[in-house]
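Before I ask anything, let me first share the structure, which is written out below as structure tokens.
By letter and in written order, the chains are A, B, C and D; residue numbering begins at 1 in each of them.
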Amino acid sequence: MIKEKILRDPVLNEIHVYDQVILDLIGTPEFQRLRRIKQLGVTSEVFHGAEHSRFAHSLGVYEIARRIEMHLSLFYPSQTAGDGLWDKEERLVLLAAALLHDLGHGAYSHTFEHIFKTDHESYTQKIILSPDTQIHAVLEQVAPDFPEKVAQVIAKTYPNPQVVQLISSQIDADRMDYLLRDAYFTGASYGHFDLARIIQMIHPYEGGIAFDDKGMYAIEDYVVSRYQMYVQVYFHPVSRAMEVLLQHLLERVMYLYQQNKENGLQNNFVSPLLQPLFRGEVNLQEYLMVDDAVLLANISEWRLNEDSVLADLAHRFLDRVPLKSMTISKQTRGLLPEMRALVEAVGYDPNYYTAENDSFDLPYDDFDPEAFKQRTQIELRQQNGDLVELSQRSTLVEALMGREFGDARLFFPREMLQEHPVEDVMAPIYADFQRYIENGQLIEPKPTDSVK
Amino acid sequence: MIKEKILRDPVLNEIHVYDQVILDLIGTPEFQRLRRIKQLGVTSEVFHGAEHSRFAHSLGVYEIARRIEMHLSLFYPSQTAGDGLWDKEERLVLLAAALLHDLGHGAYSHTFEHIFKTDHESYTQKIILSPDTQIHAVLEQVAPDFPEKVAQVIAKTYPNPQVVQLISSQIDADRMDYLLRDAYFTGASYGHFDLARIIQMIHPYEGGIAFDDKGMYAIEDYVVSRYQMYVQVYFHPVSRAMEVLLQHLLERVMYLYQQNKENGLQNNFVSPLLQPLFRGEVNLQEYLMVDDAVLLANISEWRLNEDSVLADLAHRFLDRVPLKSMTISKQTRGLLPEMRALVEAVGYDPNYYTAENDSFDLPYDDFDPEAFKQRTQIELRQQNGDLVELSQRSTLVEALMGREFGDARLFFPREMLQEHPVEDVMAPIYADFQRYIENGQLIEPKPTDSVK
Amino acid sequence: MIKEKILRDPVLNEIHVYDQVILDLIGTPEFQRLRRIKQLGVTSEVFHGAEHSRFAHSLGVYEIARRIEMHLSLFYPSQTAGDGLWDKEERLVLLAAALLHDLGHGAYSHTFEHIFKTDHESYTQKIILSPDTQIHAVLEQVAPDFPEKVAQVIAKTYPNPQVVQLISSQIDADRMDYLLRDAYFTGASYGHFDLARIIQMIHPYEGGIAFDDKGMYAIEDYVVSRYQMYVQVYFHPVSRAMEVLLQHLLERVMYLYQQNKENGLQNNFVSPLLQPLFRGEVNLQEYLMVDDAVLLANISEWRLNEDSVLADLAHRFLDRVPLKSMTISKQTRGLLPEMRALVEAVGYDPNYYTAENDSFDLPYDDFDPEAFKQRTQIELRQQNGDLVELSQRSTLVEALMGREFGDARLFFPREMLQEHPVEDVMAPIYADFQRYIENGQLIEPKPTDSVK
Amino acid sequence: MIKEKILRDPVLNEIHVYDQVILDLIGTPEFQRLRRIKQLGVTSEVFHGAEHSRFAHSLGVYEIARRIEMHLSLFYPSQTAGDGLWDKEERLVLLAAALLHDLGHGAYSHTFEHIFKTDHESYTQKIILSPDTQIHAVLEQVAPDFPEKVAQVIAKTYPNPQVVQLISSQIDADRMDYLLRDAYFTGASYGHFDLARIIQMIHPYEGGIAFDDKGMYAIEDYVVSRYQMYVQVYFHPVSRAMEVLLQHLLERVMYLYQQNKENGLQNNFVSPLLQPLFRGEVNLQEYLMVDDAVLLANISEWRLNEDSVLADLAHRFLDRVPLKSMTISKQTRGLLPEMRALVEAVGYDPNYYTAENDSFDLPYDDFDPEAFKQRTQIELRQQNGDLVELSQRSTLVEALMGREFGDARLFFPREMLQEHPVEDVMAPIYADFQRYIENGQLIEPKPTDSVK
């Protein structure tokens, strides 16, 4: 242990580091790079305070894990192997995994992955395991198999289920930090919950992590906060609209890049640091050179590009001209081809100027063995030691359980909603489009309307 | 007036827009560009939450001005010209000036200005006055002379002193927002004060803005908060160290650029968007194309540059390897050449690897007609209408008044402080350097030491 | 209007008074008396911060009403009678009713009313309408029918439904203040919601008060907060236990009082100020002389009373020796006589030392014409002006709607749960009692157990 | 150790108890009595939220001491006797002294002590040492000499200076809790400081408690907060006015009591529980029977007393009719007899209706061996282990040091300030009185005025 090092953090107040290895990991270029990757990508276009980085979030996850570990070693230290209590030897692997769990994220994460077919979890593991990174060098100093162990925690294959669940479960250090942090930086007044109380209620058992029953209300509040952050922030239609813009913009770049290549033309409209990604042959060091700034600087140059679609999309993205949207339902989904046709009729390529996008999430669900994406259920420990699943104790959670929140939307250029002068030959098309919308929803327009 | 538009803000809770012109100004590319300029530049390297943008700050200044204006029109509306009360006709010019006051800031503002000899206040006025900007186009719709009026407020030449003081004085909308905002995002627990109370205490008079005497404690608290933010955040030695790095890095680029030019070589190591700045011939549109991302993306490429000094400085800046520092006093300033010589002796170019830097500010001072940078004093209105200067009412402010806070420092590579093995031929030089430091201060080493 | 008067409030920051009549009402003895009535009665025995008074709460309700009224007159001032907008003439009646709505509360309200058969709402109206009170004198200065109008608002018979709903509905100034205030003083981290946002979303219509649909999440959050305060604070089993103690104590006093009376003995163990209540002939002035302190001082004297049951109950109440409790269900309710018999068997009079107590509440319910206690539903205003009931828009509220939260409990002396030495002849009775409890619930003990 | 018991606290979030002895001390009647003693006495008449009890404060001091002790045993456990580090054996004596330090306070403490010549510190020790209290019984179970040790800490005679300074010094658990708690409940927005940071900076040494130099700003902020609470809350003129009323009221009761006694009349206008105090022969059990409620209930009865001065003072106290005040200076002090004479001239007994009252305090002062009330200076530990007194490191504290804040005031009936009709024969006297006041200060009236 070193003499404590303290970092000021607006969400958790202070982040304490007591281990030289943690300090060294923070100091690596691979970790410092996370300063240049925004945690919420385009969300800051809607919530202008949300400029916080994955660097800050990663420190936060580390700090929450550290507080949990301190609680576990003080109150539930294992006495004999297999007693289901906390093994203090797991301390460093837990802290390192918490700190490093997001290491592989790329610029504007989800869109980036979709376009370049990358996967941040796999890159996180590569960075940890590759002998060429400083992260690996630091981890290796702990023990030769330490990088492997940390990678296993992130891959959820680590043998100790307590360690895995503290990093990835329905109520883990990662989620707790991002909910609190995103609430703080967006200014959402809804995402708060009592972190200290939840940590205090953690009770390990052989199968993982449970919570004392007297912490039930704090956990209930966490589940509600999580729901609120989803419906209000993560699913916000305007940030989804900006994400659609970014995705279409990159698709356009990819299209132009391929065109040039096929025609034997140079692709110097893409900066050297981005080239490997478009070429489709990116190595780890090249991957790590790309951050939000590199992507944004390219988009700034593309704003002046001779391809008018690319230049327009870059303008819309940089100058925040989001697509508009309407909700669609099962009943109205059949109308989408008509809507796209109307957008095309006034001159927009529907591949770049329209999109369909769903956002759904289950706020809490108990363990369903058939579920595609298995979720760990939250267990409450009764006075007599029995574990009871949360929704059996909380009427509120039971009420929420298994319900889906979110919506499906069609995105389209905001120009479709504007009034156009009668002399504009396109005016009837715009008017026709607008007939399909009521209270923000796609509707079957009334026949009488179409007669007019 | 339009139907109110509300933006969520973590510091002020909500930002309310009631005027189409304000909404249109926010929507211009020139204003949206401020999203890509960090408010505190390199400070986020020390306070990792401080990633907030000048966009957010500008909205905040607008919102505070709006709240003040609402207070003034409700409680102190002018009845007859010259009665010293608030003229409601000034509303829009106040709000527009508040919103736009930072429009001309460049990337990593202070360093940028120093290197490229630009001035953000003059650029702010250019953007407002140039017929080519969308900002100008929007302002002009209000009235033909409206851009000129807004520019005058920013230049402090506007005839109504109340409007000018609300934007620039010792306790104005700008300062109040940045203190609260910087405290929020850095997580400093010291920078808070009671904004609502201070606004409520504002009392206009013919010469400007005074405060009701019963608000004295709130203002006292503001003065203390301001002092605290200065000594703890703005003067932080590590963020000054990062700023030194950035400055030296850009000086190195400038040097290489000139070298290449003189040698007739290409300067394509600088991206097209930055070229005009290094050429020294930047027009307004080119100026506006440069933001933090463009600069950062260039630094990322420079990390691979063949010039080892540039590459090293870029690495230190991106991977956060700040220079270390010690405080210097009048007595020890004479030792600086020796210190620089020792740094050079182990192989660092002292022009790029050392720096001297002062940070001083007066936390509050009353009006001193001789002062270089004139400051408006804070006036408290007594029961009988007399105005009394703050320090005559507040023992605390009187105690602080006229005192300077801050320090002067020498910056140098952190390697100078490390222990070096005896077999290292440079080891005695490092040891010699370290003799000059005690408790973080530059000292005259004891003669006995030098004997050793 | 007078020059604004500001009261510092920890929950709402500041309370602003602009009307001399409001200031005068606050200054009356009848209103000042509320300083000596705790808002939450015995709840401070569980949440030790919750010592706040009905005085503070009443000011809070006034302040929230004032903020709502300011919003309504700024954004929705009525233009013509019957346009469904806000009639500014209602301002003062709204503010006065908000301030005075709790005037009639007695000491430790609910218990007090139960024992002395008083009703605080009827006393509130008496105080307002009686020509003998200073409250009445102040109100009368506004207009001769003004006391009557204020009383009507409290009785919900006032013709303007907007005024009535702002004081009493599912989301009114009263509830909003007490939820925030009780959360603040108990320290519950769950009861917060975004008051400013909710106020801003208020939209009057001819039938009352609706909310803009874009405020839906803020209202959803309010409904959840309300639920959380109920289950965690208002229904807390220990505070119900203390209330049971107080009630039985007063019943014992009443019993002794009647006994003495029948036996022609003096009742000087009851202080002069309390005598009228026990005599059953209390006039308004006498009623107003009784506050928490008067009741508490009597209980302090009763601790030394020669009646051992009274002395013991007074000791338990003052020294915080609450009864313990277990939950009971429909299935186990039949066992209650056995439980009471066991308590009696060890020497406690079950009338004073046991109690059954239910706490149930519906967190939100839409309007049910059959319901005993009619509730106004919360209406959301859509873009096109339609009103839609909250649960049709909020999946979360729909999930909660109509569900009951709370429990039924049997209270008994904590001594029943203690271990007793084998030589204690009562030991088997205690053991028998304890067999009926598992995880805090009353259960049917297993037959095998009873064999032992 | 027992399984942790958690109490919800609005200021410190949670209070944790791990020791059965602490739990038992909390459960004693002597400690529960503190629920019925307000922490700030009459201050709640000005800051209506400040109804918090000494019970809550005492728990808070305990909790802060517990957190400090945890910090000390984790980071600075003593290895060998005399190494200046923290001796874990002191844990329980520290916690018990922290919890019990205010045990002897009477109702409305300072006034009470002044009238009845009692001293709360000496009563605290009596309660701890007397074999008749339950407090003593619980403490004795730890060790026979344990009550004595706890009493020594409170008397500052305990041999370990670290324990003593944690309970009583310029920055101790007691002050830290009351500043935070009083700020929270009054709603003062100024009294906050970073408790967690200060605790973390605590560094024991053989002579007591020092703080790491890097905590300097947090301590500076504490000193400022303390100053702010003094000038804004503790010295508030209206709460001093209410205290004057209470004092004069009790003096009147004392006078009447003596009169009756001398005349052989009954004193049954004083309730049995208060009798011993007025008789001047109070034993410990009798002392402990008196709390705020007992005193308040008496005052309620006195409001109906036949002595018109007593009845009027009781009315003014209960119905909050504070005396008004003006500041007096050395220069104007000589005018006080004239002012009193004018008050008497309109019919008020100046002994009961006027008062002179000073409030001064030094916000921070270093150790002055001559000072009447010795203060421990705050020491900062430098990198090399040296201790440096705070004001030598903090320009802000140096600026504040040794300055006195506060004022001296004359209190008088508010009627003196009212306008009186010309026909009132007393009108000229009121007018004369008012000539002596300007901007709230006592002044020498201008001669021209007196001519009129």
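FYI, contacts are C-beta pairs under 8 Å (C-beta built on N, C-alpha and C of every residue); 3 or more make two chains touch, one makes a residue touch a chain.
Worth saying up front: this structure is predicted, and the values here are computed from it rather than measured.
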Joint neighbours of chain D and chain A, given as chain labels: B, C
Chain pair, C-D or B-C, that carries the greater number of C-beta contacts: C-D
Mean-CA-position distance for chain D and chain B (Å): 44
Mean-CA-position distance for chain D and chain C (Å): 32
Euclidean distance of C-alpha centroids - chain B vs chain C, Å: 52
Sequence positions of chain B contacting 2 or more other chains: 13, 189, 197
Sites on chain B touched by chain D in the complex: 189-190, 192-194, 197, 217-218, 220-221, 224, 227-228, 231-232, 382-384, 395-396, 399-400, 403, 405, 438-440
Complex interface listing, chain B residues touching chain C: 6, 13-14, 196-197, 200
Complex contacts: residues of chain A adjacent to chain B: 7-11, 13, 27-29, 32-33, 35-36, 38, 44-45, 47-49, 51-53, 55-56, 59, 184-189, 271-273, 289, 291-294, 296-298, 300-301, 315, 318-320
